[in-house]
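One structure below.
To keep things simple, chains are lettered A, B, C and D as they appear, and every chain counts its residues starting from 1.
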Amino acid sequence: MSVGLVVVSHSAQVAEGVVELASQMAPSVRLVAAGGDGSGGVGTSFDLISAALDEADTGDGVAILYDLGSALLTTEMALEMADPDVAERRVIVEAPVVEGAIAAAVAAEGGGGLSAVVAAAREAGGDA
Amino acid sequence: MSVGLVVVSHSAQVAEGVVELASQMAPSVRLVAAGGDGSGGVGTSFDLISAALDEADTGDGVAILYDLGSALLTTEMALEMADPDVAERRVIVEAPVVEGAIAAAVAAEGGGGLSAVVAAAREAGGDA
Amino acid sequence: MAGCDAAATAAAVRQMAETIEQHHTELTHLDREIGDGDHGANLVRGFRAVVEKLDADEPGTPGAVLKLVATTLISTVGGASGPLFGTAFLRAATKVGDAETLDAATVSDALSAAAEGVVARGKAAVGDKTMIDAFEPAVQAAQSAAEEGSVADVLEAAAAAAEQAASETAPLEARKGRASYLGERSVGHVDPGAQSTAYLLRSLATSASGAG
Amino acid sequence: MAGCDAAATAAAVRQMAETIEQHHTELTHLDREIGDGDHGANLVRGFRAVVEKLDADEPGTPGAVLKLVATTLISTVGGASGPLFGTAFLRAATKVGDAETLDAATVSDALSAAAEGVVARGKAAVGDKTMIDAFEPAVQAAQSAAEEGSVADVLEAAAAAAEQAASETAPLEARKGRASYLGERSVGHVDPGAQSTAYLLRSLATSASGAG
């Protein structure tokens, strides 16, 4: 398997669109969208994010991209509430959400481990 | 009026979602999505982008955010094919597309001119 | 409230929900000025869900009530205030443990723990124009009052300090949260989260004084 | 083609469209290895639209035909190759101006202008593993051939050079375009845009030799 990816956004459309884009370059990577407040509105959802983290986790780790500060707060909360053994292999990445997700997905597709995937996302500037 | 914004993405969902997010913090700014290949697929559309540039242009300038290199190529093409007088007040910004668009929208909402809006987008790192 | 037991705590929480209903339009209005205009709606959604859960099954200790509030807000608020208030209630719940009733010192300590939780979660300092600007002075006031006051005294002191401090967020420039996108333009507006914090503490004080 | 006039140019363009139909699966396959797997589909969409426009109203000069190809590809391809090939055809159109027929020198100059257009648009250099790796050697070969050859000689030289060069993109590491996301992993695969450039030039050479 490979490292999975979760895209957390305040907008369901953004999260799903990013997954769509990234999956084109990384068809075999587990990419999961966690966008919106879970009831059709703009916002983030602790429950959606928690479920996405589980879904993306193949055992090889999960890189998490997010759009805005409040998405970060909700995601950190979700990591804290999860089993520590599991939370340990789930890393929130400080990177531009679209550009970072694509770079991370490509790195994961290439068999990169969690730290390589995280590094790829961090370096993403969108100048390709 | 204020500076307008165009969000160019390979994904219609990403472009529309970014506009949705940015409009929450900038309800009076003209924000236009130009996502997808124009026929439901992933890609960029010269025609969609050209139309979006006209739609976003209030006369005070347009800041353009894009997701990937090929979106940049298509957008540059659209600027080159437009009337030079008009093209001059339309600026492509090198910034993360989601984070940059929100920062740009907020700056435009506050009455910032084109260069201030562009600067706000460039500085956006998504750490708010 | 006659001895701050589980029932009194639950009643106080219902009172908080009521307060949010009363003020949500104003909170949303504040958030529209320097944010995305959803703070009132976020808290209404959260506290309505809390009341539903209390109606369905009211927990047996003050700590369990606070924990229910925490997990419900975390799951339902949908904005930054969800994990922030959620963490606050969670830390308060942990602090009071499984005590049957809360005394003034415990309430004050729970408030401190709540504020620490918000800082740990959001990394804001006093002066950043966030709910911390209301929380911190409230904690200070509560600690002084707890030295010889009742639970009602502690909460009255906290509420009064938070109200004052919330209004004093207006001249600040936001350095955390969405409002920080506005830079200087955030000056001149009260922070929505500081204001809601003040309302929540006022509501607790009212409950504790027996009037709620 | 008997004197490279508008009709011959249009016929050559139709031949390019045919070539793309034949090779699109392979191009898509190449793009799946180091890109997003749409290069074949992108070009098919673009060239089908071109043929439709030619069917509807065939322009009266070679330059006008090239301009039609340019604007149609720009509007319909949907990927990086749209503005790149679009710019190539646009620059070629500008170079040939309103000449009624094209000679070997003009064809060679048009190819140079096309390659310069691609460089101006995409900022890639030789060795970056892009269509430029096929274009540049093609231009060099065309220029030599134009010194004393026919249009057919120029295009044959260009096609042969591009074919060779396209296959030599395999060992390169991509530094431009989507494939650059792959870094080292792009090594070992032929660049789709270099390959399609070779096919397009081969198709032109075939047309010019009278066999197309």
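FYI, a contact is a pair of C-beta atoms (placed from the backbone, for glycine too) under 8 Å apart; a residue touches a chain by one contact, two chains touch by 3 or more.
Protein names from UniProt, one per chain: C, D = Dihydroxyacetone kinase subunit L.
Treat the numbers as computed from the prediction; the structure is a model and nothing was measured.
Common partners of chain A and chain B, by the touch rule above, are C, D.
Averaged C-alpha coordinates put the centre of chain B at 39 Å from the centre of chain C.
In this assembly, the C-alpha centroid of chain C lies 65 Å from the C-alpha centroid of chain D.
Centroids built from CA atoms put chain D at 31 Å from chain B. Counting only residues that touch two or more partner chains, chain D has 36, 38, 176-178.
Across the assembly, chain B contributes residues 24, 42, 68-69, 102, 128 that each touch 2 or more other chains. Chain contacts in this assembly follow no simple pattern; the graph is neither a line, a ring, a star nor complete. Every pair of chains meeting the touch criterion is listed here: A-B, A-C, A-D, B-C, B-D. Chain B makes touch with chain C in their complex at residues 24-25, 102-103, 106, 110, 128. Residues 35-38, 176-178, 180-182, 185 of chain C are the ones that touch chain B when the two sit in their complex. On chain C, the positions that touch chain A within their shared complex are 36, 38, 42, 74-75, 78-80, 82-84, 86-87, 121-122, 176-178. The touching residues of chain B, counted against chain D in their complex, run 37-38, 41-47, 68-70, 73-74, 76-77, 81. Against chain A, the residues of chain B that register as touching in their complex are 9-18, 20-21, 24, 35, 42, 67-69, 94, 96-99, 102, 126-128.
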